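Some structures to go through are shown next.
What follows is a pair of complexes built around subunit A, which joins subunit B in one and subunit C in the other.
Our next item is the complex of A and B:
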């Protein structure tokens, strides 16, 4: 087991390394010079090349690329994530400030995915080919295929414009107004969780159906277990093994959704920070955001791999 | 009488049609008796056993009819709750695939303990103690340590021992063993069958042994029932069946198995042709297209079981004269 964990961790670190190179390279190839962006933002009018060179030195942009990368990575690991070109704030401070908001959105959307996806999947597996199954399956396919922005517009129209249930945008911190906080995140998290819910429902259905056809389920019935016990103790755990993997993948949807949703609902989280940074070519912020996205997804998938071991004794012993 | 099966039929959904997988079979079983059910694959022997405890899900099961009197109760009439209290308790099953009939994510001990906890309501610690005893009885070495192991850590033979221990856990009156050793090495087969037979003798448990292996039946069964295309074609005491087989199909089965006392130059005689498709059974006796002795009558009329000797019945127009 220890070897298995170690290998998974090393593998994740390697992926992170590759991603960091990609992110770094991306920043250098994209059109648009950060220095020009700063100058444009400061509205100084035309400046001479002297000032530009000074600025480049200040940001370290005159060094060779490899050095820039090493400096960036070393700084990042030490916690020095640079300074935002657009605002002059410390990137880390900006990040930490917004992290709780985005985390709340992540957790909320995973919660939505689970409370919709799991029961739908289980119900459609147990009542296969019934109208319930058909409804859940149709819903799941719609959930996976509806684009986040479209769903957002429709829901805002329905629940904020036609019927005033949820606020159309904005974020209320939990500490200020717990109920208001929940109301303000209900719709965004639902939208972020929709695709995950659809995915989960589909996979729970097929996985549970497969397990229910196994010989050991017949054995469990032959032992005299009630149907409920057969499903809960004998079918659910093996059925969850592939589902857990999907949760890791669905997390990617959630993260991607947060960029769009936070922007739509004017939620001051990391996604919105990332989008704004892209608009103003704010390299340090873009880099930090992308790295954290990669780190986040890798960490979740690592957790998923480790959870495997808990669910499936065969993984625990063999690897 | 422990078990009386009367006119049991089972219709299954297969492909686009409905087939009669079990057609009107009847038999009796006494306390402590061993009945062998023999036949080729697809002859309905497994379905007939599974339908006793209503273990065939619907679909594919469309309808089963007849009566299955077990200790005076008709199992086909029972509600789900009552049926659950019989399954694994007074009537247990041992399945054919030891590789797949145990749950891979639950410990072996837990799976053996389960029937004890449901049917006798014993506590976990008590169940664990009994479970270790059961595994020891099934001759699993180092049972006390291995209760916590998972099925994948056991060999095929050891898993089948676990399955046997599980079947015997509540000391049932009847065990149905469906091809209990088919997936195992020959050497282990004999060992496990001996063990099973010994344990059923010790506890006075009746046993229905479903197999395609005539050797197994000869050694362990008191009586034998031969099935073909969903019907019983012959039943007799084991010795009578081997000495004086009355149905051409039974004779064909016996001749297609090598014997130690046989002349080595003599070739084995296979039964020509294939078992029939249950959806398209030939008219008359289902065996007639493959039968070397078929007559005109066999094509048109279906023979019923008729006595051909003492406690010996066959469904053939030739009767015992064949």
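Our next item is the complex of A and C:
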């Protein structure tokens, strides 16, 4: 087991290294290098080459590429994520400031996913190949197929324009006004949640169908347990293991998924920060966003691998 | 391998897949016959009639510069479907080639290609797509390039896995014993036997790529006006949601239908082509 853990951790670090090179390379390809951005922001007239050279030295752009990469990585590891070109704020402070908001959206969307996805998945598995199953399966595909922005537009039209139930945009901090906070995140989390619900219900369905075919379920039925007890206490628990993993894996993609929702609803979270950074070529922020999302996905994948390795010895032998 | 009629039969009995096929057929016809179907010129402005609701002359109303919305939605299918198809063809080609090489050659080739795949897979697709489009400058070509760069990984993974399953089979060994070259084995013997998962992945990728294209265009750095694409249409329409809801809801509905159609079909194809999931047992052959 120790060898397995070590191998997985080293492998993840190696992929992280490749990811960082990719992101660093992207920074060299993107237009608007920091020098030009600073000059544009300061609105100075034409400047001589002296100033440009000074600025290049300041950003370390006059050094060889390998050195620039090493300096950047070292800084990132120490917590120096650079300074936003657009606002002049520390990128790390910006990130930490917005993290709780995106986290709230994530928790809300998981809640919606479970409320919608779990009953649908269980119902389809228990009434396999019935009209109910067909409805739920079709609904699940629809959940993952409807573009976030279109679902957003339709919901905003229905609940903010036609009937004024929810605010069309904006975010109210929970500490200021708890009810206002819940109202402001209700639609965004619902939209993210329906996407997750589609995936969740499909996984619950297939996982539960597999468990229901096992011997211990037959035993439970044979000893005269009521169907409700068989499903709830015997079948659900093992069926939930892969489901929990999926929920975990979803977090890695949530920051990416929150881009559109936060942009549409003007919620000042990580996604909106990333979109704005792309609009104004604020590369330090784009870089930090990409790295953090990739780190997240890698960390969760690693955790899942280790968990599976601990639960199932066969995984440790095969790669 | 089962005979195609077996898979066809399953597919036709699969109600969801059938719905997907009908929808795709309708969308392709719409794109192909756009000039015949569209009631007006999609770029003809009429500044006396802007943001109007549905009427007899404009079934879906007009946009912010008085262009006929229905015609723009019909013409939009051309750009959106063409971009989805182009990026899928390019990414499938790259992914299948890399997957073939990784699966057949193994060793260092497999190591290098799979590490590259893993690296791209843990990058968030939307953020990367936005960054690449921003780097290349907005426009149809940059969107297709950015999607291609991101979408090949799925193909590489699936083809590699399938090739590893079939490469040890007797007929491949026989071909090798007869002196067939590596290239010949890869393209003549391995590729035809891994087509089923490729077809499924292509179908699902089409839906995913259309979604990604629309999202990038919705954020305003994809397809640029006046070219009608559903995503860019939706972007402009969104700012007039209160006065002209159809302006954004109609193109959005088309995107949803297109993505849904490919996902429905992909789902059905998976059931039809994957013998393990088929309910009625193995077919003839």
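Throughout what follows, the second predicted complex is superposed on the first by the 275 of 319 C-alpha atoms of A that agree within 3 Å, B and C clash if a C-alpha of one lies under 4 Å from a C-alpha of the other, contacts with A are read in each partner's own complex, and residues count from 1 in each chain.
To be clear about the criterion, a contact is a pair of C-beta atoms (placed from the backbone, for glycine too) under 8 Å apart; a residue touches a chain by one contact, two chains touch by 3 or more.
Only a predicted model underlies this, so the values are computations on that prediction, with no experimental measurement involved.
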item: Partner chain(s) touched by A:276 [first = subunit B, second = subunit C, both, neither]; value: neither
item: Partner, of subunit C and subunit B, that touches more residues belonging to subunit A; value: C
item: Which of subunit B and subunit C A:245 touches, first, second, both or neither; value: neither
item: Touched partner set for A:153, first subunit B, second subunit C, both or neither; value: second
item: Which of subunit B and subunit C A:68 touches, first, second, both or neither; value: neither
item: Touched partner set for A:137, first subunit B, second subunit C, both or neither; value: second
item: Which superposed partner A:87 touches (first subunit B, second subunit C, both, neither); value: neither
item: Footprint of subunit A on subunit B - complex, ascending; value: 53, 55, 80-81, 84-89, 92-93, 95, 97, 100-107, 114-115, 118-119, 150, 152-153, 163, 166
item: Interface residues, subunit C side, partner subunit A - complex; value: 15-16, 115-116, 118-120, 122-128, 130-132, 134-135, 137, 207, 211, 214-215, 218-219, 221, 234, 238, 241-242, 245, 248-249, 252-253, 255-256, 259-260, 263-264, 267
item: Partner subunit C, residues of subunit A touching it in the complex; value: 14-15, 18-19, 22, 26, 29-31, 134, 137-138, 141-142, 144-150, 153-154, 156-157, 161, 252-253, 255-257, 259-260, 263, 274-275, 278-279, 281, 286, 289-290, 293-294, 297-298, 301
item: In the complex, subunit A residues that touch subunit B; value: 214-216, 218-227, 229, 233-234, 237-238, 241, 311-314, 317
